Each structure stands twice: as structure tokens, then as C-alpha cells.
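Listed below are the structures to be examined.
Note that chain A is present in both complexes that follow, paired respectively with chain B and with chain C.
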Partner chain A sequence: MIRFLFVALILVSNSIFSILEIEILKGSDNLSKIAFVPFGVDDGIEESYGRQISRNIEKNMLLFGEFENLPKSEMLSYPSSGNDFYYRDWKVLGVDYSVIGKVNSVNSLGNLNISYSLFNINRRIKLLEGEIVGSEDNIEGISKIISNRIYEEITGLKGIFDTKLAYVINSDADTYQMCISDIDGKNEQILFSSKAPIMSPDWSPDRKKMAYVSFENGLAEIFIQDLQSGERNSIQALGMTNSAPVWSPDGKSLALVVSFSGNPDIFLYSINSKRLIRLTNHYGIDTEPSWSPDSKKIIFTSDRSGSPQLYEINTQSKRKKRLTRDGNYNARGRYFPDGKSIFFVHGNNGNFQIATKKLSSRYIETLTSTSLDESPTISPNGNIIIYATKDGSNGYLGGITLDGKSRFSLPVKNGSVREPAWSPLLN
Partner chain B sequence: MNKALTSLNTFFLVLLFLSLIFSIFSIPKLNIDKTQSIRVNFYELIQEEDILFDSSFPKTTVKKETKKTSATDEKIKAAEAAIVSKFKINKLDIKNEISKIKLSKEREDILRVSAIIQARISSIWIKPNSLSESLIAKVSINLAPSGELLNFDLIEPSINSSFNNSILTAMNKMTFFEEVLSLDRKLFEQNFRNFNLVFKSSGEIE
Partner chain C sequence: MEPIGIFILAMLCQVYSCAANVSDSVERMQYASVAGDEYLQEERLETNLDDKVYFDFDKSTLDAEDKNLLEQYLPEIKKAKIVRLEGHCDERGTREYNLALGERRALEVRDFLIVKGVSGKKIRVVSFGEEKPLKSASNEKAWAENRRVEISLY
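Our next item is the complex of A and B:
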């Protein structure tokens, strides 16, 4: 009897005090579907302005394969304001979000006044409403600002459509070019050309300068180039060779590799005082430093254990910690913008792929499926990694979103592209 | 003579005890695991249970001699009492086992429906990417017996608004949870009238 009562009590207590909880860990592999409705224009304004802006926004948002679009031919209407917007017209088409807008006016100086809105169709709410004024000569720039706001509203991550990419093009055996372009490959500029190799470009946090390595004088030298004036200066009087410069988050110093007698070690170099502070001192090769976002630590590659592995050093205490143990090749480590994870090149059976690792975890996760990946760089919002890879002998830039849903390659350049470096966000 | 009768009685009592034990163990195996429970015909089992514990069912197994000495009566009574007490324990065991089977069947139904709901929500939830951030949000669900989603509420939002928004967007795509229609009404009321969905950004929560 007692046992019966006990069982009954458990049942009753279960039904009274606990509530069923179902865990949802896995999300859908589908992409959010967005309708980019052609922007309307007010009376007397060229229709092409509206179409151009919505087309640019659409291109931006689809650039990294994170969203799916609704073809214009399937749209039931082209609303340009909230008054003529009906959720059911979009719900029936399986749309998750709709972007609408209108060019309201153009003043005598050629400045456009544009209003735009973003709707969440499933929740039946307007997520975003904004207005922007910009020159008719800068429709691309205006579109990028609107795209950033929409992207941020949908994903919760900073928009990156006005960021830039630096890379090195090796157009033939004797020509190396240091280039920068918009993230979509447009507006390419050549910063510096040389007959000798150029490598390891790194943006200053204010996006005004670039540090890189050039072999133009026969040895590896570090140069800092002002992007506006084009003026370039080498960092003088270091060791025999100097390489792998990386700006500190405050822009006041560089972490770099100096080799005084053929043994590379990690140093800090103060831009103002030109003082050099040694961080590592080991007979093994220490190279490829990179700062943690809080400036307290530096990740670097070292073969001190017999194979290239990633280590972390505290810049104050100089205490070191080994970060990777899987496989016999882990190199070119970088921190995620939140500092909680790292990404790097992981070698396994002759394949070199981009991998990630949470610093709190023992396990690594391989992201890419190509086999000769190198020089990964991450978007400033921490969501996309671009890396150099090869198709035969031709190098190109591949990319992947961190959820693995989208893999893409950037537009092919005239020559092999290597050493990508994603710029910081504009402040 | 008396001795002979006593021996005979004892023999019958032992026989009776053995037959009882045999009858108990001839019931379909009750102490079963989850997989076995699927194979058991639950309806037949309940009927057998009713027969076993039905007071009107002739208890032919216990026969009393009409003429006995008081000493023998006492012995018999004591033996009977022992058997009955043993039998009672077995009855309890059986009932417990049947309760266990019922619970196991209910648990299976709950798990089955929960798994379908889990898969459906997963198929419509477009989870924002958050590699390093471990987030949890809880949504309470209120269903009608028809499976219609009457109400949902983000009762424990995460600290990340886009994570919360993605959950609300997914929940707004749901109108019906048809899978609960296959459930016994009592089970629905106990478990699925109100339940929670716990959304996690990753399997590993720090």
C-alpha cells in the first residue's frame, strides 16, 4: 500500500509541480527569405534612383549567401510605404522579411531624401523605419548604410557592407601588388607594386594605415603605409629580418616577429617610442602573432613542441599557454572579435583547412572542405571568415559563414590572390 | 489418522502455494523494459489484472477441511495467513508492475510527441549564428486539445535580442501542433496543454 501511495505521489507531484520542457538545439538549414521591393519615387523624381537603391541593398544582403531573395516576378505588389503594405501578400509567398522604401525628394544640390522600412512578416511587425539623406553620386554608399541597418536588425550583428579587404595579387612570377577593395570587390586600388614578394598586410584599427612585409630590399622588412597619402616608411633598425606585423587594438604598437640571429621571436614595437620589447625567447621558431581583443594576450605559432602549434602569451606576465594539441599542424591563429574563440589553419594528412576552437573547450571544429587553405581573416562582426585557397596553381579567396550554411568565393582577380586582411569597422 | 490428515493438508497447502506461484508467473512478463512494453497487449493485460483481483472470482485454490482439530485449524490458519500475506505482496507487485507499464507507455507517448514537436520547431527556427555565445531562452506554450496554438510567451528571454527575435519569428510561424491529437486526452492535459520550449544556442552551455 505504501509503495502504491509512493508511486501515486510521484505521479501527482509530477503533474502538479513540473511542466514538460522540450529542448530545441538545432535550427533550420533554411535561409531567411527577404523581399527587396523596388523603392518607389515621389512625383518628378527619376524612377531609376529607387530601383538602383533597392538593387544595391539586395546585392549587399545576398553577398555572403546568408539570405534568400524573393524574385521580383513573384511579388504581388510594390508597396513603398506602410500605408500600402499588407502582410498577407508576403506571408502567402513564404517571405520572412520585406524591405520597402521611397525616394521622397531631390534637392538642388543633388541630395536624395530616402525613407525605408523593414517588416517581419511572421511577427507582423515593422522592425525598422529610417530616413537618410545622401548625394545622388553616392547611391552605393547610401545603399550600404541602409543594408548595414537592415542586416543588424535581422541578425543582431554589425553590418559589414562598408568594410574593405586588403590582399596581395601575384599577377605573374615577378609582379606583386598590395591592393585594397570594397568587400564586394569593387573600387580596387593598388597600394604598392613590387618585383619582390609582399605579405602579411594588417589594417590599423582606424583604417588609415596598413602594415605589411616587403622583400624589396632583399630581406623581410616591415612597412607602414598611410592609405590616404600613400607615404610608406619601413620600421628601422630591428633585427636581421622582421615580419608578421599586427596592430594592437589601440593602434599604439605592433606585435611582430624579429630575428636577430636567425631565430625568430615575438616582440612588441611601440609606434611612438620605437622601443622594442621581447615577449618570447626560445630556440624554436615563434611567429604569426595576433592580439586578443582586450590587448592582454597574444596568440602565436611556435614549433617549440616539435610541430607548429598555437600558444598564447600574457603580454604583462609573459606567462605562456599551449592552445592546440590536435594534429601536428596548427598555425596562423587569430582571436574572434569576442575573444572567446580562435580560428586557425589546421593541417591533417596533407590537407590544410580552416578550423575554429572555443578557448573553453578541448575540441576543434574544421570549417572548410578545401585542402590548401591559408591566411584566414574574419569579418569585424565575427560572422564570416575569408581565406586564401587554391584551385590548381591559381590562388583565390574563399569564404564561409560560421554556421557553415554558406560557402562562397570572391570574384576572380587577374592573378593569384593571397593574404586577405579584412578591415575593421568604420567608427 | 490425524497425522495422515495433517500431512495431506500440508501437501495440499504446498501444492496450493506452488500453483499460486505458477499462476502468478504465468501472467505475461510484467517486469519489462521499454522495448518489451511495446509488444505487450495492454488491453489483455488489464483484463487479466481484473480477473486476478476480482473478489467474485472463485478462489478454488484454498480448500478447507470441515473437520479438524483446533490445533490443526490454527496451523492451517497460520499457513493460510502466510500464503495470503505472500499473495497480497505479489498482488501489490503486479499492480506496481502494471503501473510501471502504464507509465512506460505514457512516457513513450510523451517522448514520441515531444520528438515530433522538437523536429518541427527545429525545421522552422532560423537560428542566428553565435559560435562563442551560449544562450538560453524559454517559451511557454498553451495549446487547445485540437492542437491549436492558443498562446505563447517568451517567459525567459536570453540576453541577445536577435536570438530572442529569431525564436519569436519561428513561433509566429506555428499555428497548430497536430501531433498532440494522437494523445490520450488525460495525457494531453497533464503534459501538453501547457509546456515549455527551451531554445539553446549550442549544445554546450557554459
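Our next item is the complex of A and C:
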């Protein structure tokens, strides 16, 4: 059923478009303070490498407003190894953690050997010591790996600095672009450009493909695009409308919505066999499926009770369970990575906000305070939600850390941005 | 032997590609009969009537006023070769649910027209959900204008 196939060019836009950049709106007063000491360099190595790496790590760690930094000008010393590191120099400045390091050697292939350490000042211990070898052309990549390790050590959560974000930009009435960029807004690429709407991007678990809905042929159709080659295939499931594709955790199938003669139901679509298996069969609207992390259940929105509410269905037994009862609009649910809670769009007194709920409890907790919030997506470590919202006639992305430490926004420079989708971690 | 082998291979390829084409066009036809774009080859008919009906939030039911409007429209609808119904929603709520809701609205109009004697075969239904608002503002007036089914005749 995959019919035509053509190759779309993947354009790298350096300056043409939007480039999302995170702006911290509200940080907590009680953030841990980290000193990012400029990395030292061995004899014969450009000093700028050391400064670049520590600056990159600092930018990464501060990206979502979860920490504060100690300005370089306030530092009493620039140690680059444990031998010249003194806890009291940092304790006196109210620092909680210090990151130091050194660029040790460059071999003839242009490889750098970088050592780094993380200290907990209050406990007076070295938390982490590591070494990494990488090319001098890839200082950004090396910095992301070090940042991930430091983040993981401090928070106990996976680092997400090498993840990406997909989103749709609507720059004027008739221009829609499916884009991806690094999570810090760098390296934006346009995957597909169209005069018709594009919606519902979803990353394959291996990050190599994107499924999304495009109206390029006059109605909603699901496409799968290979991110490396740019090749696009449409899935034609013979329905009036095909929509809301989401990859299964093993990447072998999609849950999606097919509307045969106007009745949208949830189906499973096997990528290899191209077979459709029906999951729901109800005259109401069933849409917005998403898999539980253990792939045993699918959460979906249904108006079978008279208003949109969330349900989950066991993919084997087909047994269904209603998940939300409070309020007359609970839709587009997604599971947290631990599978124990869900997040979704909650309508309350005419406001549509991002909310969470533990599966074991009835209580709904609203996270956002704007009124037109939708399309929430969660970081793979389960700690940050990015969602779409609107200010005047322009759409922008908002973000919030679930520990409540930070709120931020990702304003687009031109036009409206919507439909964020956070990539999985690299395996 | 060799040329014959290649010949057979070529024949097989041809048969195979032929078969693929056939099933392809069958799929295409079925597809077109629900929401195809063949109307694009036809000229859009001019009409003096308002070509939109409006809906309440999260609702797809036609009220008396809408039905009255559609009744007035009937003679022209019956004359048209193709009737295209495009369902839309306001921006509130979620995009994929709104895509389904827009389809519901267009189907509600289709069903009414069929009951009034319009041939279902010439009706094309498509939903754009909240993707193509008429008004970009976020207020009751703009939302009310955006919750619509647009009727175009060809």
C-alpha cells in the first residue's frame, strides 16, 4: 500500500528561518550553583579549545533553567586538575558543584584527549572523573557527551543534550515546513516544505525516520520520511482520513487513525507487512493513540462518553479502561517514560492547558497557565515537557521542568511554530 | 540459453509491473471516490448563496437555521457535478481530535443533503481540522467563524 515514492531534498537552513532558542522565563530562587572552570590546555594546544569546551558545557547545563552558574570573573582560581583544586575556593563563593578539565594532547589526526572532573563542594568529594577522545572538528559533540555525564551524575536523570526537536513552522498562510533541530536550536533542517498543512510528527525509536501527516494531496495522509536520504513514502490505508501516526517502541509498527466512511478508529499498521489490525470499533471519534513504554497498552482520546476523554486499551486482550473523568475535555494523552503517569491537554472553563495524572490516582494536576496549550511532548528522561501555545496570532513553544524549577519559551523568529516532538535518546 | 533466460526475466518483470499498476489504479479509484481531487479539473460554479454553515464548540449537529440555509442551496447543489464539503474547527482543543471533528461536521452536512435527495456519489468530504482557520485571532467571534463546513460546487 506504500505507493509513490520520491526523494525530497533535505535543506539545511543556516539563517533563512526560524531557529528556536530557549529563553528562560522563570527560574527558581533555589537552584544549584555550578562553576564551569575554563578547561586548561597542554603545551602546544590552542587555548581556545579549553575555553570553548567549558563554555559549551555551561550553555548545555543552563539550557532549561535547571541550574545557575558562577560568573567566570568571580572565580578565585582556574584549576584544571585535582591537584590544584581547593574546595574552600568554591565553598566561599556559594558554589555547589565545580566542573574542571584539561585538553591533554592532539595527535597527528587532530584528535583531542579531554579529561574532566565534577566536584560536590558541600560534600567535599569528587563525583565524577572521565576522559574522552574526539576530533577537534567535533568540539560541540564532545561537549554534549561530557554535559550528559555531568547532568546524569548531579540529577540521576539521563542527559538529553544530544536529543533533537521536530516541529512544524507556518511562516505565512500557505507555507508549512516540517523541521528538526538540535534541542538547543542549532542545526535546523527543513525535512519537507508544502503549501498545505503538515501535522503530527513522530520520531521512529531509532531516530532515523519521521512519520507525519501531510495534506499535500488535498486530504490528510500519513507519510514516513527517511531522515538520511529524504525519501518519503505515503501510507495509504484506504480510509477517508489517515492521521495521528505514532511508532511502536520496537519501531516495527505504527498506531494510527483510519476513518473508513467517516468513522475514525485506532488501528495498528505493520511497517513490513503493511497490514492493518483494528484496535477500536466505535461510532464515536477515537483518535490520538500513543503507546505505553512496555508497548502493552495504547492510550487514546474518545468522545464515546459525549466529550473527549482518555482511555487505554490493552493491545492483546483489547480490554479498555477509562482514564479521565474530571472536566469535559481531556485529550491527546501520552505516557511518561516510566509508564506510571500520563500527560495530556486538559480543558477547564474554556482554558486548554497541559496536565498530568498518575494512573493510580484520580487527581489531575495542571502544569501550565496559558489558555491555548496543546501538543505536549516529553524529554526522554521524563523531566521536561515542551508544548505549543499561542500569543496573539503567533504560535510559539513553551516548556516546563516537572520539578517546577523552570519555565521557558522557544519563540520562533518568523511565523508560527507548533507540533513539537522530542526525539528519543541516541542508542 | 542465455538470451532466452533474459527474455523470460523481462517478461516476468513486465507482468509483475503490470499487476502492480492495476492494483495501484484500483486503489486510486476507491480512494478518489471518497475524497479525491478530480474536482480540480472541473470549474467551480458561481453561486449567490452563503457557502458556509457554522457549528458550536465540540459539536457537529446542524441547527434549524443551518438546515434552512442548506434547503435554499439545494436546487444549485442538485445541478452541480461535484459537491465538495470541507470541515473545519476552531483552534481550541487538540489538533488530531479536531481533524476528526471537522470530518464529523462535513459528514453531518453530507447526510442531510443525501436525505434531501442529493446523490451521495457526487459528494466529496474532507477535513482540515483546525489547520486552516479563516480568522487567526483568538476570540469568540473568530472561533465562531472558524467552526464551519465550506460547501463548494463544481
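Quick note on the criterion: the second predicted complex is superposed on the first by the 395 of 427 C-alpha atoms of A that agree within 3 Å, B and C clash if a C-alpha of one lies under 4 Å from a C-alpha of the other, contacts with A are read in each partner's own complex, and residues count from 1 in each chain.
The rule we apply is simple: a contact is a pair of C-beta atoms (placed from the backbone, for glycine too) under 8 Å apart; a residue touches a chain by one contact, two chains touch by 3 or more.
What you see is a predicted model; the values in this text were computed from it and never measured.
When the two structures are aligned on the shared chain, A:F215 is found in touch with chain C, with no touch to chain B. Contacts of A:L20 after superposition: chain B is touched, whereas chain C is not reached.
In the superposed pair of complexes, A:E419 makes contact with chain C only, with no contact to chain B. When the shared chain is aligned, chain B comes close enough to touch A:G156, but chain C does not. When the two structures are aligned on the shared chain, A:R325 is found in touch with neither chain B nor chain C.
Overlaid on A, the two complexes show chain B and chain C touching the same residues of chain A, namely 1, 3. Within the complex formed with chain A, the residues of chain B that make contact are 92, 95-96, 99, 103, 110, 114, 117-118, 121-129, 131-133, 138, 160-163, 165-166, 168-170, 172-173, 190-192, 194-200, 202-204, 206. By the touch criterion stated above, chain C contacts chain A in their complex at residues 24, 27, 30-31, 34-37, 58, 91-97, 99-101, 103-104, 107, 125-129, 131-132, 136-138.
On the side of chain A, the complex with chain B involves touching residues 1, 3-4, 7, 11, 15, 19-28, 30-32, 96, 120, 122-124, 154-157, 336, 338, 340-341, 356, 358, 360-361, 382-383, 401-403.
Within the complex formed with chain C, the residues of chain A that make contact are 1, 3, 197, 199-200, 215, 217-220, 236, 238, 240-241, 243-244, 257, 259, 261-262, 264, 285, 287-288, 301, 303, 307-308, 329, 331-332, 345, 347, 350, 352, 372, 374-375, 390, 392-393, 418-419.
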